[in-house]
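Presented sequentially are two complexes of subunit A, the first with subunit B as partner and the second with subunit C.
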Partner chain A sequence: MLRKANAPRPPEDSVALRVVVAIAVIAATTATLAQGVGGSGLRVAATVGIAFGFAFSHWARHRDGYLLKVGLALGVVIAFASFLDAVLGASTGSLAEIQIPLAELFLWVQLLHALDVPARRDLLFSLLSSLVLMAVAGVLSISGGLAVYLVVWGVATASSLVLAYRSEIGDLPPLVDVHGRLAEQRSTVTRPLIGAVALVLLVATAVFLVVPAAGAGRAVAFPAQLPSRVPVPDQGGLANPSLGADDPSGPGAGPGQQRASFGYFGFSQTMDTSLRGRPDDTLVMRVKAARPDFWRGQTFDLWDGRVWEQSDHEPATRRGSSPIELRGSVEDRAILDRSASVELVQTVYVERPGPNLIFAAASPQSLYMSDNAVFELNDGTVRTGVELSRGAVYSVVSRRPAVTESILRAAGEGRVARPGTVDRNVADRYTQLPEVPERVARLARDVTASSLTTYDKVRALEAWMGANTTYTLDIPPLPAGADAVEQYLFVDKQGFCEQIGTALVVMLRSLGVPARLAVGYTPGERNPFTGLFEVRADDAHAWAEVYFPGVGWQAFDPTAAVPLAGEPFSSSAGTGLVSFLAGRLPSLPAQAPEVLAGLGAALAITLAGAGAVRRRVAKRRALAARTWPDLFLERLEVAGAERGRPRRASESAIRYSEALSTSVLPDRRVADLGHIIETAAFGPEGVEDRERRLAESVLHEAASASPTAGREP
Partner chain B sequence: MSVRLTGLSRPAVALLAVVAGLYGVGRTTGSGWLMVILSAVAGVGVVAVALPVLALRRAQVEVSAPQDGTVGRPLELQLRLHRAPIGKARAVAPAGEWFRVLGAVDGPLRAVPDARGVLSRVSVELSTATPLGLVWAAARVTVELEHPLEIGPQPLDAALPPALQLGTDGDGDRRRPVLAGDLVRGVRVYAPGDARKLVDWRATARAGELMVKDLEGPTTPSLGILVDLRGPATTAEQTASEAAGLALRALGAGLLVTLLTVEREGAVVGTVDRPVEVGRRLARAVGGAAPPDGPLPAGCYVVRVGPSRPDPVPAGGRQP
Partner chain C sequence: MTSSRVDVAALPQSFGAATDLAGALTENLGRVIRGKAEPIRLAVTALLSGHHLLLEDVPGVGKTLLAKALARSLGGSFGRIQGTPDLLPAELTGVSVFRKASEDWEFRPGPLFANVVLVDEINRATPRTQSALLEAMAERQVTVDGTSWDLPDPFFVVATQNPVEHVGTFPLVEGQRDRFGLVVEIGHPSKAAERDLLLGAGGAEALQGLRPVCEPLALAAAVATIRTVYCAPAIADYIVDLVAGTRHHGEVVLGASPRASLSLLHAAKAGATMAGRQFVVPDDVRALAVPALAHRLMLRGGSDLATASGIVSRIVDTLPVPRG
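Showing the complex of A and B:
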């Protein structure tokens, strides 16, 4: 039985099938190589070797090739040994670390297998393994560049399936007629292939829009990578080379250094709200996460009316092998220890050199990165000891209390913050204010006069700012000596996130509500294909964080909406697909709708006209294929049927015409029409044109003299 | 036409296994591209299931059959397919092997009947996995025939009873009847066309006009085959085959053959002139009741073919 199952299959002779399978395999292979898998040797071997392998397989498809099989088996053993060696040498043994060796193993197997694919079954196996290889490329890919490979692979795979099916059917005996001719019509491959691909695309899009997004489950792989290990000048301090001369790490920054277009002034030890200018839309990082959140970099707690500053200048060192356990702030720990929380795993792929801040949703608990020490401030801000240049990857596990609006409304009700408690310490630290202009404090009181809970006060202030101020990136400079919040609320009445967030924090503090300003990035746009949030420099953001006793810090922002941790969040893989694609279409000129409508109408008319011409030509051809006796008998039948005397199945043309001449077409000459028809059809010399015209005129006259019901003679 | 899914191809089974694994990987690694690939594979799956079913629903099938067939011998059904998908077709009742179908077809579909009987309808099965070859769907079409297909038994070699066996002249069986007609029954007036050698000159002289001898017609030996199909189906088929073999041998020997059978409508006694009539009669014959024992031509030699070996039986005809 085993021998039968493994019996060699007949060799596949279809060159077309072999070629499209080879294209699919090569597309999957190059897609994997494009993700940085393999050295130069493997790259050359895979790209050249697979094409050669398929050609060789076709040439040798009728040979047994025992020696070749032995050699291939040996090659697979060597590749597997190499993979095991890489796995055993992995430092942490996490899945992320063995991804690349595993992908290399797949590539070697694919390459070796290409040398021995004589039969259709072997080709289909190769096709299936190319799917695995393409999936490996998909797991490793974080950019949209994979789409090109995927399209090529998809079309080649569909073609392979269609051709393999044709080949399978072709193995069966054909129907042969009595003359030994094939009783079948050859059909083309292209048309069903195009139809199948179009249908697959349609269904796949529908599935993509409803299937759960990847990564909604618990991630088991925590990628971490540092392309280069360059220590920051001040271990524990903040460095941000993208700020050029304003780099807080100081020594390395000369006055001639320009701030990068993607540099954000908020990622510094202080943030001056009088500064203007925003970063461009450079892609600065990608974040793989199951749900959107604010990717917080750091917070500010000291406000002087113009500039925010951090009060903690002595970060604690956190050491350990991956993962590095983080402690977070005292208030975070106190709450997360005793309340239900939601875990969120994020992997950040750095695309541009920026600050040495770990960006993550609050509150980060564990950090996976290729370094053994980071520095943590007492507000939970995490700084690395190395520069995070392009290509750096780190993963963070964050936790935050599962809160909803009702929980936030009930938070702190009836609690009294006694001295020495966490709540009291937080209140002392985060309600600090310089002298606040009276009209700012009065505005806060007036707006929140009817709000009974902290949550409602926050919402009331957000609503007021939304109604009475304008978000704009183009605001006038802050006059010297002016209070930034007062200027924003009462003079300019417009600002961007720094002004808005600061105003919310200051007004809340004036009401005795602990609040701070956080800076980081908004979630960014989710790329539905990669499943990653693409964070651009202009997503840099400042927002307010408000402390709720028993609940902890919660982000609030009048300009951006982020779901609360406890609110249900569902996302399909294709969420945002339409807007993502629409955003990448070239912008259309104003008259585009009219032009498109005109083109559409012209196309519709052309298609309709072509269809009509085609039908007319077909009808003419059909008519031309019929003889005059057929056509004239049909006219006679129609004339009789319209007058209630259809031709009976058993009636000859002669009998029928005679019957008509004595009933519904009472004309003696009509009786002769049957003779003319039969003479034309079966007579040795047919009838002359003159007789045909005469017969037609007789029928016309008789029919005109005997109108059908409702028709005048 | 009812269409059913008949199974997954091997690549489809392997694909399902790989997809299940990839889904797990996608959900745990957070790879968006993997979900794109899996969505595409799901699209392939839906198309692979739906298109064969839809294609078979669109197909139009016409089948015509010959009037006669024989168990174990190929017969050709005429198959006409319109709007048919690429796939395969076979006759089901009577059964045949698969033939490929590449779209519209008008050709013979070979079938080999495995049982005797009268078929008023035939069944044809179409199967396709078009266009991707991953999931097979099949539809069985039963078509009423314009005339019934009568499938006779497969004849078995049989020997004529010794009393009816003829000598051979070296070239095979002698086809000449045993009793050639050369007895003079009387004389009659000459009619144009009569052979000159038949002129009876003596009678002519007496009558005064040309008289010819009126001869007895040749007498052909007659065999009556009494076919008893009672008993188990396999025995009945064996009996029918033996009867067919005997009847064909007798016809080949130039005997007059009368078959005594039972059909659904009752007992049937009738002579058969040609092999095809033997097949038809035996195709229609059923068990259940004892076969009739007459009437038979005078002097007919009767053989009973039944569950036991062929036995000559005394009947209305001549005793062995």
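Showing the complex of A and C:
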């Protein structure tokens, strides 16, 4: 039994099968390499080596190759040793650092295996390991670029499976063939192939829409990576290369220090609301998270009527190595310690060099990062000590209290904050205001006159602003000496998030409600194919955070719809698929008639297609009902007919093959084919697969040796 | 009542032995009948298929010689009947004789009680004698004075007839011809074979020196073994189609019977065995269709074997072989 299982398989002669398998393997390999796996040596070795390996395997398929096998075994041992070396040498010992060496090990094994794939079974094994590589690439991938590889790999894999299956049932199209016949045979490969691909797409889409979104929380390892370690000039301070000369905290306005088109002036130590100009739609980062949230960078607590500023100038240093445990603000910590909270894990992939801020949902608890020190401000926001350039990856675990509307309404009712308590300290710090213009304070009082709770006050103010001001990016400059909030509420009556958020904070503070301005990014658009939120520069945002005693800080924003924490956010992997696609298709209403016509046509095609599929299924069943001797006799007949010796209907396979062997297919072994066919057809036990394959290869060789060209029919 | 029947199922069945036996028989016959491989092959096929053989040809081509050689090669008992108009059925089957000593009737078996029975010039016997003979061939038993006697096993009849002579003959009717599994025409020898014959090779001298190649029991075992040769459903369909072809042919009044299908199948199994195969292929059927079917057809313009053979040949050459 064992001996039979390990017996050498007959070599695979089909070049077509070998080529499609090679394409699948190379697609999977390059897909993995494209995720930043491996150095340049592995890149060259993998791309060139696998192609060479397949060619070599084909050439050497009839050889024993013991030496080669020994060499390959040695190679695998070396690859494994280097993997172990990489793993043991990993600095932090986190699982995330094994990911890349493991992918490299996979690549090496795939490369070495390519050198020794003589038989069909080996080819199919290679195909299977390419599936693993594809999965590795899928895990590492953060962009839709994988789709290209996936399509190539999928088509090649499906083709090889169809070819292997056809070869198995003896229906592999002869490679030496006349054009007409070949075209017909080809359609018997293409059609099931198209069917298989369509079916896979259908099933995959269905599964995609049903399975829950993974997010980053389910990952075994939290990715963290720094392509380069460049310390920021001012440790603990803020550096934002994307602001260039505009950065008030920068080293100075040097010539050529142009602000990048995507730099947002809010990511600075101060935020001047008189500044205008918005970033473009440059992709700045991708965020892997199970649900959308504000990706907060920092908050401002000091307001002077025009400019927001931070009071904390001495951030605390937090040390550690993956993860770095953060403390959070005093109030956050007090609340998280005693109330139910929800956790959100997010992994941020930096696409453009930006500020050294850790963007995360409130409130970050631990940070996975390839650096062992960060700086935490007393509001719970975090700055890094190194520049976050393109390719930097960090993961943050955030927690915040689970809240609902009713909890927020009930918060702080009937409680008086005694001096020295957390609530009192927060109130003291976050209600301070400069001289507020009288009509602003009056407006706040008037609008909230009928509101009993803080939550209702916030809602009332939001509603008033929504009704009486308009959101626009295009507002006039702030006149010198004017109060930004007054100007927005009573003069311009239009503004964007800084104005709206600031007005909300200032009015709430005037009512004695603790509030602050937070800056960061809105969730961005979720790409359903990668499952990642794509955050662009113009997603940069400012919003109000309001403190509820006993509940904590809660973000409010009339312009961005972000669910409250604790509200159920159910999503599948395919959530947003339609809106994602719709955003990339031309707007529909203008072309409604064409769209309807198109839908009608699609329906008609679908119905016609269903009929065709049914006929096709019937045909395939008929084909599947045909036996090997029948099909193989047909190949013999084709080979004979093409050379001018068709089989007579009453001529048995034995006689026919004997006749061919002495005429148009002058190969002694051809005479035996009839016996094999008839033994398979009429014998009580048929023939073994081995004999079938032998027969197929004999016919193939005889046909190759005796081409149709140059013969008179 | 005596029984010489053998329980063939209890015989050692060996496929290889059956093939070897066929080879030995063919070789033995070849020593006597020179240059006639095909008739010899057909004769051996008929023998191994368990059906009777009719040799039909002009005088002097070796019909009787072949029949004798066959009988001699088989060992066992040999009976010979010369067909004449005055031959009586009792002379074939045997008679009951009153013995004074025992004061009882004692059955004296006739020449039919043998493993191989040569019936020479069968068409010279009267229809009454013919039907007694043919009944014995079909039933493998004879009934004398109300008592049935089993014929020995194996029981193999080789009959000869001359189709050209009509004076003083009683041609076998179709129903009687149907009892023969195969009809073989020997034909004139080639020049080389005839020259060999003149120079003393083969012929009657060789017949004298012929040794039996097997025991009767071995032949019975071989016949039983051959019946177990595998016939694929597609082959059975093919035989059915062939036979149906003779029934639907325009020149044929009465086509081949289901007995014909069965005897063609048995012959094909024997043919497969002789080729060392344990399953029937279309070529086995094709090669035996004419000798197994042609003599059973009743044609519109009077039955003659040559025309019927032509019809069967054409059916074989136009009917597609099964593909499996």
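Everything that follows uses one rule, which is that the second predicted complex is superposed on the first by the 555 of 713 C-alpha atoms of A that agree within 3 Å, B and C clash if a C-alpha of one lies under 4 Å from a C-alpha of the other, contacts with A are read in each partner's own complex, and residues count from 1 in each chain.
Note that contacts are C-beta pairs under 8 Å (C-beta built on N, C-alpha and C of every residue); 3 or more make two chains touch, one makes a residue touch a chain.
The shown structure was predicted, so the numbers you read here are calculated from the model rather than taken from an experiment.
If you count the residues of subunit A touched by subunit B and by subunit C, you find the higher number for B.
Once the two complexes are overlaid on the shared chain, A:Pro629 sits against subunit C while remaining clear of subunit B. Of the two partner chains placed by the overlay, only subunit B lies in contact with A:Arg121; subunit C stays clear of it.
Of the two partner chains placed by superposition, A:Ala460 touches none, neither subunit B nor subunit C. Of the two partner chains, subunit B is the only one that A:Pro528 touches; subunit C does not reach it.
In the superposed model, A:Ala45 makes contact with neither subunit B nor subunit C. Of the two partner chains placed by the overlay, only subunit B lies in contact with A:Val139; subunit C stays clear of it. After overlaying the two complexes on the shared chain, residue contacts for A:Ile100 are found with neither subunit B nor subunit C.
Subunit A has no residue lying at the interface with subunit B in one structure and with subunit C in the other. By the touch criterion stated above, subunit A contacts subunit C in their complex at residues 627, 629-630, 633, 649-655, 677-684. If you check the complex, the residues on subunit C that touch subunit A are 230, 232, 234-235, 278-283, 286, 316-324. Here subunit A touches subunit B in the complex through residues 95, 121, 124-125, 127-128, 131-132, 134-135, 137-139, 141, 146, 150, 154, 158, 161-162, 164-166, 168-178, 182-187, 192-193, 195-196, 199-208, 211-221, 288-290, 345, 347, 527-532, 573-574, going by the rule given at the top. Only residues 10-11, 14-15, 18, 22, 25-44, 46-47, 51, 79, 86-89, 97-109, 129-134 of subunit B touch subunit A when the two sit together in their complex.
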